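Next come two complexes, and both contain chain A; in the first it sits with chain B, in the second with chain C.
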Partner chain A sequence: MSKILIKIDGREFEASEGMTILQAAKEVGVEIPTLCYYEKLEPYGGCRLCTVEAEIRGRSKLVAACLYPVEKDLIVRTRTEKVDQIRKMLLELMLAHAPASRDLQAYAEEYGADKNRFQKESSFCIHCGLCVRYCAEIKKKEVITFVDRGTNREISFIPEIASQECENCKECFPLCPTEALQAAYVLTQALSFPSLQSVTE
Partner chain B sequence: MARINSAAELEERRLGILSKRDPNKLCIAVCNGNGCSGRNEGIISVFTEELGKQSLDGKVDVRATGCHGFCEKGPFVVIYPEEICYTGVTLEDVPEIVAQTVVGNQVVDRLVYTDPATGEKAVRQSDIPYYKNQTRLLMGNNPMINPKDIDEYLALGGYAGLSKALFEMTPEQVLEEIKKANLRGRGGGGFPAGSKWETTRNAPEKVKYVIVNGHEGEPGAFMDRALFTGNPHLVLEGLIIGAYAIGSHLGFIYTRHDSPELLANIRTALKQAEEYGLLGKDIMGSGFDFEVEVHFDIGIFVSGESSALMRSIEGKAPEPTPKYIRTSVSGIWGKPSNLNNIETWANVPQIISKGSEWYSTIGTERSKGTKLISFFGNVCNTGVVEVPFGTSLKEIVYGFGGGIPNGKKLKAVHFGGAMGGSLPASMIDTPLDFDGLAKVGAQIGAGALMVLDEDTCMVDLARFFMKFLSEESCGKCVPCREGVRQMLNILTNITEGKGKEGDIELLEEISEVVGEAALCSLGRTAPAPLLGMLNYFRDEFEAHIKEKRCPAHFCKNLQ
Partner chain C sequence: MDNAAIDHIINKYQGQARFLIQILMEIQEENRWLPREVLKTVSEKLDVSFRQVMRIATMYKTFSLVPKGHNEIHICMGNACHVRGAERLLKEVQELTGIKPGETDSDGKFSLEIGCCRGNCCSGPVMEIGGKTQDKMSPAEALKNYE
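Then we have the complex of A and B:
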């Protein structure tokens, strides 16, 4: 495989073809924040927190590091003023939904994001899709899925399948950066496992 | 009907169709377009009935055609060969038309178009100023074609462009001709079609696809439907020529689920073209194979976005994916996929038939040809017009649109729907041009022009568009879903009298992040209408926030 010479935050690196900026940065030891990324899953590009500045032949653009493939003469800047400004606002937007999320709070501290900046709408879910994609890509079950679109988008377990699959799996739980997944599961549990419900009561 | 196996056989077929026609036979053409079909239901059957009563069945043809474009005055009835044109025809008018015009060869005066400005009457359709002043290269054949009959398209010279491409030109020459014509995509971006074709053609993967984007989700855009429903073979011919140039053997037509007439006409057209050997294996004996599949969406705005559309064709949810590798290199199932919209494909046959040199004489320096514009809102006439690039917006709004009703003043025109831009009345002399309009912040988009009078509140309009996007964003990425949500919150507060100092600056800050960080072009252009309005109508936003006053007297909480 051919090697591609790139530069990330001033450090030169020989990347291999097909690598993304995020993968290359990891090799170089440059940390790029992510929320919807998980190495076992296809990159998704939903949270946009990994937005970086990519310069090719003198032209700069903002791209999602988890998806952007490395190319010849690529120069990446991961902490410019612009990038930080974008990350700060993205965090503030997500904190309006999940103000208590530890992952979000840790990033908020680093980027100076104010969790009270936007009108709160505590749905807890930030739609990173980790649970949905894990269930579809790794478990091949599609028990949990997105329903509706736009601002009405939600995650939802399908009770008929959940009653068969979830009780002994729950592998998606530790992936959730907020508490939304557990909340959705509790609701489904009530629908899917009425017998368990009566025991816990 | 037998297959056509050569260019000569196509011409023979054409002559055969024409020779069977009596040029003096009367033909009653009734527009059955989207705008009129609600109002003209039954007109066609009453005509047939009435002709039967007069023992004229078989002696007079009745033709259900696509949209004629002047929807305000529809339904239109045009009686050929004299082209006598009646507007706003009702069921009750039919017996009189048959008795007076068909039998008695007299014009029914009260149904003839009268120009409201001059009081002049126009008996022939082409004498009505609305039609006379257009350049109807694409829409012109709509009144003369029954979209369900391929012979009517052939009679008017149909598939001559395809024949020329297949038998007289190499794929490279076809591509070169489109590039020289500088045909630019009519779906929104104005990207040169030739360059896109070339990228797909040169992409290393052997299997390539061509796609008609017939989604037309832009609110207020109805010209593509009018064209495709009324003249489906025109688009199909363009698609086959494009496939030949690109080296594709499978095409997709992606369209709306909610236009049954359009779907029916597309399916009929495909079937007839295949029977005639104009589609399928060994087209017209040229050795070129090309097939077409029809897909339709489930009514989601974002499925018109190219990458979402391609996911939808793959059978997945229509969610945009990043285009760091262009779809013309890696599209449907990772294969090079060339997507153009209906109007772009419809331009192709004439460029091949008449040549790029002819095409280049129409339009402006960098925007060639004509553009279909659908206009609506606070304007006297609603309809579709086809005008050369370079026509001023004033001509469209006042010339074709007939100006603003109820003695009101024009406040602004808005192009491009929820991701477009508004221009104040003072800029009405701006000519129609991709780059010129983009420069002043009003991307043509697909060509839907909304006319706004002085009673329009621009803040509320911005809120309306944001509400639309909050429901129509796919919801995948944070900047679009959450940025739009917060901008909608802020705009709603402003229109309800709860605006605060700093709101405008916050809107601008969110807009910047959404515009730069969103995943797809829907998200990145979502703030465009708002930013345009903040540019040209900032004082209105300030009046709402600082003085709790709505200058247009529209917002109820601010009266």
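Then we have the complex of A and C:
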């Protein structure tokens, strides 16, 4: 493994090949906010909260730190005005869906996001996919999934499998960045009213 | 839809999981909707998780998880049709069939969908029944042909 010299917020760091910016930043001690990231899972790049400015050969672009692999002479800036603005906007949009989330509120305070900026649409889900991916990648049960698309996209348990598996697991509940109760609610709904599930038209 | 018919479609694609969407499309075409049991059979036969099948079946508008009528009515709500009275046409068709967009009537004769542009703007407002554009007639006449 060759070493790659990079710079994160002015601090130099020797990263090894295959590392992502997020992992390197953690080593350096620079904190990058994340919502959809979880060490044991494949990076997803869904929440975009880890957006940073990456400068290569004099050009800088915005990338998701959890997905972007380090490369030679990379200069990363994690708290520029542009990045902060993006994070603030993302937080405000997500807060419209999950105003009560503690994780979101903590970040909102840091980035000055106003949780009342957008009209509330409390779905309690920000589509981070943690529960869906955890179930598929680690438990290998594939009980929970996204259904529908666009603005109607939502998480849904598959009742037939959920009735056998979920009772003893429920490991996806605490992963939820918005409210553990949301997954509990969707699961209860799936088990109590299987006929309602996924009838989307 | 029985297992033999599903098998026939799956065999056409040598039971390869990468043809999932095509297989679902053919079942949709033949059966006019995708019952849960059929999706389960497909997921078992192709060795694709049910989760994945559901995700795809809910993602695309081609697939319907509720029964569709024999004749699908599509009414165009695109710009040209809108200007030429699509709203009035939709209202009249709704009154005639008694169903709203996205619904199917109780005897499974018609289902109603609205969409944007059926590619025939010059004869707007466009109404399609069973894939055929209904031209130069009143909605009542058009529907009568399919009763």
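The rule is simple: the second predicted complex is superposed on the first by the 180 of 201 C-alpha atoms of A that agree within 3 Å, B and C clash if a C-alpha of one lies under 4 Å from a C-alpha of the other, contacts with A are read in each partner's own complex, and residues count from 1 in each chain.
Going forward, contacts are C-beta pairs under 8 Å (C-beta built on N, C-alpha and C of every residue); 3 or more make two chains touch, one makes a residue touch a chain.
Remember, it's a predicted structure, so these values are computed and weren't measured experimentally.
Engineer: Going by the contact rule stated at the top, is it chain B or chain C that touches a larger number of residues on chain A?
Structural biologist: B
Engineer: Once chain A of both complexes is superposed, is A:113 in touch with chain B (first), chain C (second), both, or neither?
Structural biologist: Neither chain B nor chain C is touched by A:113.
Engineer: Looking at the overlay, what does A:74 touch: chain B (first), chain C (second), both, or neither?
Structural biologist: neither
Engineer: Touching A:89, do we find chain B (first), chain C (second), both, or neither?
Structural biologist: Touch status of A:89: first partner only.
Engineer: One more residue to check, A:45. First (chain B), second (chain C), both or neither?
Structural biologist: A:45: touches chain B, not chain C.
Engineer: Tell me which partner A:136 touches in the superposition: chain B (first), chain C (second), both or neither.
Structural biologist: The answer is second: A:136 touches chain C but not chain B.
Engineer: Could you look at A:64 and tell me whether it touches chain B, chain C, both or neither (first, second, both, neither)?
Structural biologist: After superposition on chain A, A:64 lies in contact with chain B alone.
Engineer: When the two structures are overlaid on chain A, which partner does A:149 contact: first (chain B), second (chain C), both, or neither?
Structural biologist: both
Engineer: Following superposition on chain A, which residues of chain A contact chain B and also contact chain C?
Structural biologist: Touching chain B and chain C on chain A: residues 146, 148-149.
Engineer: Which positions of chain C touch chain A when the two form their complex?
Structural biologist: 40, 49-52, 54-55, 58-59, 64-66, 102
Engineer: Enumerate the contact residues on chain B facing chain A in the complex.
Structural biologist: 300, 302, 317, 321-322, 324-325, 469-479, 481-486, 488-489, 509-510, 513, 516-519
Engineer: Over in the complex, which chain A residues touch chain B? Could you list them?
Structural biologist: Where chain A meets chain B, its residues are 44-49, 51, 62-64, 67-69, 82, 85-86, 89-90, 93-94, 96-97, 118-119, 121, 126-127, 129, 146, 148-153.
Engineer: Considering the complex alone, what residue numbers of chain A touch chain C?
Structural biologist: Going through chain A, the ones touching chain C are 136, 142-149, 156, 158, 160-161, 198-201.
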